[in-house]
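A short write-up of the structure that comes next.
To keep things simple, chains are lettered A, B, C, D and E as they appear, and every chain counts its residues starting from 1.
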Amino acid sequence: MSAGTADTMAPESPLERTTRMMRRKHLAIFGVPLLILAYLTYLVFSFEVPRLLAEADAENARILAGDMVSYKTHVTRDNGSGAVEIAIEGSRSGLYPEGESPAWVESQGGDVTLVELGGGHVVELIGQNRLRYDIPGYGVVAATASRSGGVEASFPDGPLPDWINAASNRVAITTEAGRVNITRARTEVMRYFPGWELFFFTLDSPYHGLSPLEIGARAVNGEAWAIWQDVWLNDRWRHNEVAWALVETLLMAFLGTAGAAMIALPVAFLAARNFAPLGPVRQVVRRLFDFLRGVDGLIWTVILSRAYGPGPLTGALAIMFTDTGTFGKLFSESLENVDEKQIEGVRSTGAGPVARARHSVLPQLVPVYLSQILYMLESNTRSATIIGAITGGGIGLLLTQAIITQKDWELVTYYIVLVVLMVFAMDSFSGWLRRKLIKGA
Amino acid sequence: QETSASDTGMTPQESSSADTSEEDLADSEADLIDELNIGVLGGENAQDRMTANQCLADYAAERLGVDVNIFTPADYNGVIQGLLGGSLDMAWLGASAYAAIHLQDPETVEPVLVKTNLDGSYSYHSIGFARTDSGITSLEDMEGKVFGFGDPNSTSGYLIPSVEIPAEGESITMEPGEYFSDVVFTGGHEQTIVAVNNGDIDAGVTWADGLGNWEDGYNSGALRKASDAGIVDMNNLVEIWRSKPIPEGPVVLRTELPQEVKDEMVNLVENLHSIDEDCAYGVAAGETAGFRPIGHEAYETIVEVRRREIGG
Amino acid sequence: MLTLDTVTKQFGTTRAVDSVSLDIARPTMVGIIGASGAGKSTLLRMLNLLERPSAGSIAFEGREISTLKGSRARGWQAQCAMIFQQFNLVPRMDVVSNVLHGTLYTTGTFRALTALWPEVDIRKAISILERLGIAEQAPKRAEALSGGQQQRVAIARALMQDPKMILADEPIASLDPMNAQVVMETLRTIHDEDGRMIVCNLHTLDTARRYCDRIVGMRKGRVVFDGTPEQLTTGVARDIYGADGTFSEHATSTEIRDRPAAAPPRKAASPAKAAV
Amino acid sequence: MTDAASTSALRPGVTDAYLAMVSTRRLWTTTGILIYVLLFFGGFWIANDRNAGGFWRGLPQIFDFPADVVSEAAENAARLPGLLLEYFPSLIETVNIAAGATLIGGILGAFASLLVTRGLAPAPWAIAPLRRLLDLLRAVPEIVVALILIFLLGGGPVPALIAIALHTIGSLGKLFSEVAESAPLDPVEGLRSVGATWAQRMAFGIVPQVGPNWLSYALLRFEINIRASAILGFVGAGGIGYDLRNTMSFGLGMFDEAAAIFMLLFLTIVIVDQGGSMIRNKLTRGRT
Amino acid sequence: MLTLDTVTKQFGTTRAVDSVSLDIARPTMVGIIGASGAGKSTLLRMLNLLERPSAGSIAFEGREISTLKGSRARGWQAQCAMIFQQFNLVPRMDVVSNVLHGTLYTTGTFRALTALWPEVDIRKAISILERLGIAEQAPKRAEALSGGQQQRVAIARALMQDPKMILADEPIASLDPMNAQVVMETLRTIHDEDGRMIVCNLHTLDTARRYCDRIVGMRKGRVVFDGTPEQLTTGVARDIYGADGTFSEHATSTEIRDRPAAAPPRKAASPAKAAV
């Protein structure tokens, strides 16, 4: 309180010191967010975010979202021969056998095929090359396709709505009920249905279209194995191969993690200050660990794919190489932090180095190592998915390929769900094991 | 190119082995190799590739008496590395991918068969295309725009256009920032089509047989697949360039395979069309007149082009 | 039996133990007292070969031990058990396993690695635990035990070694008075019943006086007192601790005052009874 | 000793119980080890069988590819500095993706962590669903989100950044919340007693306490994200991974460029890894 | 002023505070004593709205406060400062900021987050610290201070709130006797000089007697004594603490015995002097 009296060479008053401190604080409080903001602004421009936003196409998102949970059935007419084919997703595996058709496609005798898209939308395929589409609330579109004249279409009066894309050789109509494409060669009508088509049984299976109850009844009657076979070997979804892919992914993660841990376990001793008195050896081992880690799983995968080709082993080895480095580092750090008291206690009984390691070092490290290993196992389950996409193995490959070819979003969804379930399962498994092995006993 | 293909006739063993009884072969070859690994290139999702080629593997396993496995690496390079490292024994490559292997080690693989189109030809085209609403209709309009290739190992998606496009005009080069404002690799045919359709790149190249109609995406090729899948509306795209015919890539076998195995596989694939038409459709990824023999000579030009373009 | 001749231990510039000579002819219970840093621990650790003397010699029954190497050194350690202030058990292992560590010198490498202890050893370990009154704790993890119990496990490990000599480095410093009393009485009983030599670092005078036959006082690495408990007067203690006028013996005490001090410690209750 | 013997005779139960415990424990350990060995070697056998190349056959070939790369790079050693410079911008892009994702993910993760920490959350009923959401964000591999976003937004760094950022929110949110959970609540209560709002309580009572630890975790995440960013480049998201994939695909003739990219990537990872662990050590040790 | 009417707080099955009714008419210094678990803390925390009563009402100057919500509740908290046994400061922030936290209710969140405290508040904070004799510590981190200093920072934060009432929950339980004295004298001075009401939980009888005008004794959640210090005899204390014959008042004492108790506490040295 009386600080003000001593004028000359007075030490700073608390107020002055506080003000100075506050100013320093303001520098940080305003400086750091400003720097972050500046950096993010730089990123926005260097990554061309404005252009990206301007060009982002909601249509793609719609296709994706729609395709994830629905499928379409194609009714295709060859405008040359007039032959009509009905196929789920337009694929050969979903082709309706000759003479069979879903209820909404009706052969009217003669040359007319009636396709009901629902909601009052009716498409008539007439003859070899004519089409009539009655669109409720709009009117009738009629079109004729020919090699010479292209696609000649007539529309109700008024300007063309934007859901009709008409050119001289092609007319495409997209309504909420379905899609119609007419080109010189083909006429295609597509109707959308919610759900994943043929998920359990393909069209050629005797169980297709049966209710769960009926299938249950047949299963009880001794057909269970046949039913299972039909589902398991489903030609379109190929559940057996997907299951194998999951196994391969888990194998990559497990073998990579376990292998790395087993190699790193003894080698880490050479990198720990308190166990490897020889400085140069320690340095060499440490640099080796750094190298293995630094090269990264991605590059190891690329390198190994020459020697091992595609498959899960390549991925497992790539994970193993990187993680040997990671574990080596982690393990040697834990080794340097061991409790010397316990070791000394065992040492004082005359125990040799091996016995000491087994009875005083290992018990301390086991819980630490286990939790590190299990943590890596969890994270490697995700890595294995990614590495599989590069090496050609596991669910990662199926997933990325399905995404890249961009038409089978329902497969993508299926795989994503499986991947997420797999990762969740792995998380809870390792959590369970951790509790069991570390806290239990 | 058709003549060069017909030059390479069948080897005597091939015709004789065709009528050897299957059991015999299965017995005698069991100890020659313990398994046969077939690599299948991209273009479809991995599962469809497996499905399409499984029948071939089954036939081969039956004939050879060993396990036959299908591998579907993520990209061209995966197959190339597998063949170079010897972990894959057989693959149907693009011409440029074959050239890549040949340049790196001519002893690794030998071309044996090529797919023929319905009309008997065995060529296709690299197609340059853009969005209709971009106003681009030819390479001249592409000055200062972004151009996209597919995979660096693709013949139609990279090698051929990278040679032929600069030849179209005095000022055209493939150096990013010169004629085109940027030249990028999208990673594959499918990615190129989506990138052009989305406007990420102004034009790109992909493959098509060039038969049939543009509005259908031609009879076969990446555009047809995308159009069938509803990813693109062909009305919105326009062709801006077309390459000279590109020879279809070869089916190759690892040179070190025992001759009997090679003969057996050549025989199987060549006659696949008559044995099982559906299987042939799947393996050839579309309608085909079947496979016929071919040799390295047919690809010498491509190999030369690749050597000049990329090196090796 | 045990003869130390000008034993010195130098750590960098500090001389932790400075020319200590001692001769202990019979199995005695020796207490070593001294202020913190006096060199008590270092001295004991040299006896167990956890440290090597910088100079001087340590001989047991005529054999020089300070120069033993490798397996022989470990053989000596097996004969000369050590008990630590912090117990130095393996906390995550069960009590019996900790006791069985006392046999590690004689166990073969394979046995040691697999921890497949012979049944007779397990029985012996449990009977020792019973003697110390903690057999009930046998299957528990060491970390689950109280400090006093842990120290008794450490003593059991020492007994498992069947040693000629037990060294105890401030065995009761981490314990509350009650447990301290149990542990000290246990040690005394072992000395009385088995006739083993015990050398025990202590930092409280009264404990040393009460339990030891001979007391050695150290100060700054040197032996400044060596005699019977009776000879250890407050004046002498003041010298040992280098304390100024305010030195109060009370401050170093851990004794439980409200316990009947009647029973002379030499004939203390049997350990089994002492363990409550 | 006689004393001990008699008591042991009186109570043999302890010994027998212990011996029984030891034998069941041995049984469990042996079974566990057997299962592990079976899983490992069985798994190895399956992986080997399902792989194109076999383990032993490929072993001598491991260095074939690096040898090709190194020999071509050595031939064109003079070009190396130029190539390093040429690909440096790509590296910057990769690092920018990682840094941006870590920054955004870290900031959002910090908010999320406060919302899911018991004792701090303003809406306790939202803890469980938000935690599941964080779990989900962590479970989906970045590559999945990235590829879908590439489909929606087109190629380039932004999809990668968003994908990595989402994953970062999930993992940092969880780690941050674990740190916050162990922070003493005294200061929060002190602030509550003066009438501070939730935001103020968090900003003054929690953030200063957990800040260094949070920062340390974020740095670790940055290291991981650089690797993720490189990998995503490999599947089409730009940056050094894109160049690596292309040069690698070109193969012979471009191996010198591949080598330059390898080097850039390796050096970056090592530098960030070493520098990061140095700073992290400072942050976590400089406390208490 | 402050009226509690059958205030009850139930935690699961335990009734921490059981029908407590109190009426404090003028700003008094009230001490609440009771054994551990008697419900003292819970009572205070309800006054500050850190807990809500399960039943009963708390009114201040006629206004019911126990039902206030959101911003109004925080407004009441701002008027009713609280001091904790563990100080409850933000250890990693500087002292002045900790004191300024007392103004959080009135300062906008943005100002507070950016540390753009009004200059007048900073001056006021420092003058309060000066009054409590710890202005020198102003720019230091709170964690760098001793316990006694930290508690004075907490008091400064309370004063910064310019509260109508200060609640103190065992403010000296974590302090050594010397610091305890300083803190209690500070509180008393604040009461005397500023005329603020102070309700203070204490677990030692002598402190309560020495510093408080009125003492409330609690046992098992109920008020069992309410009177002046003079009325608090040892017999009454025994009732409050539920102690048996061995109860010794001494055991609850924290007084510094060797200090001259001459100066009557009511006229204690000014806080600035008390701070050594």
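Rule of thumb we're sticking to: a residue touches a chain if its C-beta (ideal position, glycine included) is under 8 Å from a C-beta of that chain, and two chains touch if they have at least 3 such contacts.
Bear in mind the structure is a predicted one, so any value in this text is a computation, not a measurement.
Of all chains in the assembly, those touching subunit A and also subunit B are D.
Remark: rotation between subunit C and subunit E after Cα superposition is 175° (nearest 5). Two chain pairs are in question, A-C and C-D; the one with more C-beta pairs in contact is A-C.
Think of the whole protein's Cα atoms as having one middle point; the chain whose own Cα middle lies nearest to it is D. A straight line joining the Cα centres of subunit C and subunit D is 48 Å long. Taking each chain's centre as the average of its CA atoms, subunit B and subunit E sit 84 Å apart.
Separating the centre of subunit A from that of subunit D, both taken as means of CA atoms, is a distance of 17 Å. Subunit A and subunit E have Cα centroids separated by 58 Å.
In subunit E, the positions touching at least two other chains are 113.
Each of residues 55, 57, 60, 305-311, 389-390, 400, 404, 406, 441 in subunit A touches at least two other chains.
Subunit D has residues 50-53, 58, 61, 64-65, 151, 154, 156, 235, 248 in contact with two or more other chains.
Every pair of chains that touch is listed here: A-B, A-C, A-D, A-E, B-D, C-D, D-E. Of all residues in subunit D, only 50-54, 57-58, 61, 64-65, 68, 150-151, 154-156, 235-236, 242, 245-246, 248-254 touch subunit B in the complex they form. Residues of subunit C that touch subunit A in their complex: 48, 50, 71, 73-79, 81-82, 84, 86-93, 97, 101-105, 107, 109, 112-113, 115, 141, 154, 157, 161. On the subunit D side of its complex with subunit A, the touching residues are 25, 36, 39-40, 43-44, 46-48, 50-53, 55, 58-59, 61-62, 64-66, 93, 96, 99-100, 103-104, 135-136, 138-144, 147-148, 151-154, 156-158, 161, 227, 230-231, 234-235, 241, 244, 248, 262, 265-266, 269-270, 273-274. Residue ranges on subunit B touching subunit D, taken from their complex, read 37, 39, 69, 71, 75-77, 80-82, 85-88, 100, 103-104, 151-153, 184-187, 191, 194-195, 198-200, 310-312. The touching residues of subunit A, when paired with subunit B in their complex, are 55, 57, 60, 63, 72, 90, 92-93, 165-167, 169-170, 172, 179, 183-186, 190, 235, 238, 241-242, 305-311, 389-392, 397-398, 400-402, 404-408, 411.
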